[in-house]
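Below are the structure tokens for one structure; questions will follow.
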Amino acid sequence: MYKYVIKRILLMIPILLGITLIVFFIMSLTPGDPGRMILGQGATQEAVDKLNDEFGFYDPLPLKFGNYIIDILKGDFGVSYRTQRPVFDDLMVRLPTTLKLVILSLLIGTIIGIPIGILSAVKQYSALDVFSTFFALLIASIPTFWLGFMLIILFSLNLEILPSTGLESWKGYIMPVGIMAIGQAASLIRLTRSSMLEVIRQDYIRTARAKGVYEKIIVFKHSLRNALIPIVTVVGMSFARGLGGTLIIEKVFAIQGVGTFMFDAIGTKDIPVVMAGVIFLAAIFSLCNLIVDLLYGYLDPRIKAQYSK
Amino acid sequence: MTNKKNKKNKNKVLKEEKKTSQLKEIWFRLKKNKLAVMGLIILLILILIAIFADLIVDYDNVVVKTNMPERLQPPSGKHWFGTDEFGRDILARIIHGSRVSLSIGVIVVAISVFFGCLLGGIAGYYGGMIDNVIMRIADIFLAIPAILLTITIVAALGIGMTNLLIALVIANIPGYTRLVRAVVLSVKDVEYVEAARAIGLRDGRIIFKHVIANCMAPILVNATMSIAGTILSAAGLSFIGLGIQPPNPEWGAMLSGGRQFLRVAPHMVIFPGIFIIIAVLMINFVGDGLRDALDPKLKD
Amino acid sequence: MSEKILEIDNLTVRYKSGNADVHAVNGISISLEKGKTVGIVGETGAGKTTTSLSIMNLLPERTGRIDSGTIKFKGKEILDMDYETIRSIRGKEISMIFQDPMTSLNPIFTVHEQLSEAVRMHSNLSKEDIDTKVKNVLNMVGISENRMNNFPHEFSGGMKQRVVIAMALINEPELLIADEPTTALDVTIQAQVLDLMKNLKRALNTSMILITHDLGVVSEMCDEVAIMYAGQIVEYGSLRDIYKGDKHHPYTVGLFGSIPNIKDKSKRLKPISGLLPDPTKLPVGCYFQDRCPHVMDKCRTIHPKYYINDNHKILCHLFEEDKHGQ
Amino acid sequence: MNMRKMFANFLIITMLFSVLSGCGGKTENGVPVNEQNAEQKREDVVLGVRGEPLGFDPTQTGDGFSNTVELQLFDGLVQYDENRNIVGNLATDWNISDDGLVYTFDLKEGVKFHDGTELTAEDVKYSLDLAKESPFTSSLNKMESITVLDPYKVEIKLKEPYVIFLEKLCRPDGAGIISKNARESAGAEAFYENPVGTGPYVIKEWERGSKVILERFEDYHWGAAPIKEAVFRFLPEPTTATIAVESGEVDFTDNISAADIPAIDKEKVSIYESPSFHFNYLVLNTNKEPLNNVKVRQAIAHAIDKDSVAISALEGYATVVDSVVRKDAEGYSDSIEYRQYDVDKAKELLKEAGYEDGFKLQILITEGYSNKIAEMVQANLKEINIDVSIQSIESSAFIQDMVDGKHEMGWFAVDNSTTDASQVSTMLETGEMYNLSYYSNTQLDEALHVLNSSINPKERNPKAELVQKIVNDEVPIIPLFWRDDIFLANKQLKNVEELFVQFNVYKLSW
């Protein structure tokens, strides 16, 4: 098993390198330069050019990329053009906010989504099933920011009971986390339902029933354990993608999270920050991927067998 | 000669019969799902609106022409959905916007499915080095959060419709490559592919005609769902300012344009939002219905 | 008259589907004495499995409908039982062996877990007692104890079927329903499993309903035989009636005709032409009319009644004139 | 649960949303927070600003967010009074040589730095020497040398006459005096984040990503500020900042979108408005076909409906202008017949130029309200069938592309913190970096040179009129409007108007 884990971690390195190459290439295509971005409109062209030289902005692409890779291997991810601070310091300031949002919404979404998904699978075509499927599809069709606006109009402007900005107080969390949680729950309901339906039809469920096993145990032990694999994948992946993906929510509720941080960095062509951010998010993504795969092994012995082979 | 032709026609007829009956079967099952039927009807209406937008509303002097005295009016008899900050009728702009918004989803998914099948097919069918290379590249793209990848590409190529499409396509291809490869792997060793190989068909035909044709079901379902997803992400991108440039009235752009007037003229945000929801919801219904219809195991 | 463990009387089962209902079982009656084995034989789609599932009310909830008929187990009517009663019987007094061993065991639980669960459901024995029970039953079916904690995927097809049998017998049920237990196995393993079932049956004096389409298996295992066709028992009788008797339902004749006989020199088997009637649109009259070599006008219009000769029943107009069924 | 019922539910939910949101407006559910504790005087103020500063060393920062905080931490040699006249601050008095090249200042004695040490001429020289070289304070690069005459007297020589030099010295976010030994001992890097100046406030805490808290400097040389603690909270979204003030979470913000003003609850908060120094205009690149034809440029000038542009961009919160010099600025001439919105004249001019069936034109803009300006210009020019396509790129790349001359038509805005006619030179003088029209006219250059060097109005006004005439005739740029600054503040906050002169929290009180 450990051999497998080490193999997977080693595999992450080429992927991260590949990501660095691709993002570096794309970012080099973006117009504008760091000198102008830092010195702003007032600065003279000479001053801008001098600063760009310092950053090695005018070096040929391969040289720039080479230097960058060497720096990374030395663990130096460089300094943000804009704030002149090491990139990870700024990122780490923003990380807790996004982490709080993602984890909270994931928890609530899972707590709501999975049980409803199970119930609507067990009582297929019941009122609950039809309504929960409709609800899940409806939520999946609503643009997050539109829902955000509507809630702000409703709760912040008219009823004035919830703050519409940031996460100063716990009240600030209600709307952003609420929206993300419903979205999470919606996708989990549909997934759990189809996954459970798939399992309920299996022969071993009928065997269990023929053994006189209680319905509750059939649903929550026999069926759910088997249906967990696709669910674990989605939950694991949505955590990984959540870190970079909360941009829209952050924009609507003016939350200084990783999403807006990356968005501004890309906008202002702050290459060191973009590179560090993408590598960081990709590393987390690959780690989540690995954890999910290991969970497969735990959940399904057949897969575990493949790992230790 | 004729005999050979007749035989060919006969085959064709046979195949036709088989295909129609298959389609009839799917249609028959789809019809049972009331939500899917509703989805189809409303989608047809939206598509008709998009096609005949020019007849319904004159583009130049209603949709684009500014008329400042009537700006920011709430919904009224004259303007059912009210007017925007340039005094243009929002209903008219939604009608024309449907053309862009709906086509974004379809175009992006069509292209990504094409490349997905191409890459996924090759990777799945040949395996070995090619498979490894293609899949590693796909992993790389999948590891970057989709929204950040799209933003970076749009920032690089510049804001505009075509660049938005390119960005969305690039973000979608890896997903489809993986889906098609998985399906191809499951179908690859089935007997009829062996048979096709045995009678000496060229690999290209085998991959596309036999293998991929048979994985149309999961691809079709997934494509429908991601048309809905693409429309949403295009609206999202417009919201953060990277979407369609004025004056063409795409729904997402209208939403982000109206954001500034949220308190004074909420109708500018509500109605385009509702149309996005309706379009995406209906596509999801159809997708859901298709999945049940195409997946025989999931019968009643 | 020895005591009857199971009496099925005029059972009719229908599967509700969107457009047309499937009439799987159309009024069958079986009675089984304690310790005896009845074989249910017929082509696939004749309603054998549906019958077996209805006994323990395991029909799919939404679509399976038992329209009429009674199933009495030890005198008590199963269809009227509430959930708790029927549940307490399942796996305790009646248990089942399913056809495909590959999918009958839950892939993510060990054999020990699945076996001990069967016991736990019906008793509150201590962990040790359950373990010993599991070990004994595994030995009985010829699986060594130390493989107890393996997972299903670590067993071959034959071994898995043995585990399924062990699971069915662990609570020493009075009635065992085996739905084509050996069909999915190859011949050599089939023989071993059949011997095993025969010994266990004798050892535990369990009555059994054996469902198969293999007449060879029936002759080896069963005391009485019911031949089903299109949801009806067209012929019922003791082993002697069916194998040695002179009068047979044309379908039974056809069935025996299609078995390859080493002694018979003729090259071709005599299969029964045509297919089973469409269960959603069963014909008027005898269901076998399209495929019956002796078909008469009466067969196409009036549904035949049983010709009963002591324990031997045949549902066919050919024999009706001799003696009217009591 | 049949279909009809489900669809009905769906409609109800959407109606609920629109009804509730439609009514907008006011709910009288209790008094907002800030009025409840009006009895005991508040000692703190929370200011909602658009973005986070980068650092606090005036000579090393150029962005607006850092400047806003630096204004509270440092003093300049001179400052504005409430009517924008220049009065002494760290300097008690000063005189300027006739040729306008030498400025000598007498320093105030006994002025304490935040670390208790005393301000001397050495600190002034040290600070201005830094500003002389720094790329962030390009307007101060015009200084030749700074010499210490005696501990409380300093002399500044300029490379060339610079009429608005004193105005530049009023801005401590560029010409702020910093403590020499504090910066030298702590080092530039550390000083960048915890500076030592003489200003009314000191940095108490900087919570990255959310707020900066300033604390009153008790022995400030003009007396301690009324407000003990000033919190700068970062609220990038205008609508959110506005709501924050209305709900009492924040006491003041300058980050307001004009569109929200009609919806703001006037009883809860007060709105202040005044023209700013932010001059918006359209640039016509005279190197590019067909903009090199003056008739085409004139036609475009007539086709633009400036009032509608101002309304669409800033809901009318702007001072629309015809001339490149603002009406209330010295030197404005009302004798020139400025170009008015006249579509027929525009078509006529286009016909004369031979372009009556129109042509394609690209307008280059960046984020913000310039999109609305572009959309309006696009609609206006469509009337004289010029087909405008809008190209929007990120702000720093936008500036670079404009400077590199990649644009045909473009929007641009400058803020030289003055309305003096001399500032036109930054836009139109030959060879100037921001002469984005690539327009060159020796007569104009000569007039601008006079405007920049002489201070007496008799020499300047005729030159100013000449400048306005040339711009009006040749149309290298089309003046649009000067953006209004809008402040939103808690009703109890006093003398908020003073912040229009300069963003000094020192002036605020409850």
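A, B, C and D label the chains in the order they appear, each numbered from 1.
In this section, a residue touches a chain if its C-beta (ideal position, glycine included) is under 8 Å from a C-beta of that chain, and two chains touch if they have at least 3 such contacts.
Computed from a predicted structure; not experimentally measured.
Q: Decide which interface, B-D or A-D, involves more C-beta pairs in contact, and give its chain pair.
A: A-D
Q: Which one chain sits nearest the middle, judging by mean Cα positions?
A: Taking the mean of C-alpha atoms per chain, the most central one is A.
Q: Give the label of the chain whose average Cα location is farthest from that of chain B.
A: So the farthest one, by centre of C-alpha atoms, is C.
Q: Can you check how far apart chain A and chain D are, centre to centre, with Cα atoms defining each centre and the answer in Å?
A: Chain centroid spacing, chain A to chain D, equals 38 Å.
Q: If you average the CA atoms of chain B and of chain D, how many Å lie between those two points?
A: 45
Q: Just curious, how far off is chain B from chain A if you go by their C-alpha centres, in Å?
A: 23
Q: Centroid from C-alpha atoms only, then distance chain A to chain C, rounded to Å. What do you get?
A: Their C-alpha centroids are separated by 53 Å.
Q: Indicate the residues of chain A shared as contacts by at least two other chains.
A: Answer for chain A, listing residues that touch two or more other chains: 30-31, 134, 138, 150, 152-153, 157, 251, 267, 269.
Q: Tell me, which residues of chain D touch at least two other chains?
A: Answer for chain D, listing residues that touch two or more other chains: 17, 21, 24, 239, 263, 393-394.
Q: Could you pull out the residues of chain B that touch at least 2 other chains?
A: Chain B, residues with two or more chain partners: 35, 155, 158, 259, 262-263, 266, 270.
Q: Using the touch rule from the top, collect the residues of chain D that touch chain A in their complex.
A: Residues of chain D touching chain A: 1, 6, 10, 17, 20-21, 23-24, 27, 29, 54-55, 62-63, 135-139, 141, 192, 208-210, 234-237, 239-241, 243-244, 247, 249, 263, 393-401, 403, 414, 433.
Q: Which bits of chain B are touching chain D when the two form their complex?
A: Interface residues on the chain B side: 34-35, 38, 60, 64-66, 68, 71, 74, 85-86, 155, 158-159, 241, 245-247, 259-264, 266-267, 270, 274.
Q: Taking the touch rule as given, give the residues of chain B at its contact with chain A in the complex, in rising order.
A: Contact set of chain B toward chain A: 35, 136-137, 139-148, 151-153, 155-158, 228, 232, 235-236, 239-240, 252, 255, 259, 262-263, 266, 269-270, 273, 276-277, 280-281, 284-285, 288, 297-298.
Q: Taking the touch rule as given, give the residues of chain A at its contact with chain B in the complex, in rising order.
A: 14-16, 18-19, 22-23, 26-27, 29-31, 133-134, 137-138, 140-146, 149-150, 152-153, 157, 197-198, 201, 241, 243-245, 247-248, 251, 259, 262-263, 266-267, 269, 274, 277-278, 281-282, 285-286
Q: Within the complex, which stretch of chain A touches chain C?
A: Touching chain C from chain A are residues 124-125, 202-204, 206-215, 222, 225-226, 299-302, 305.
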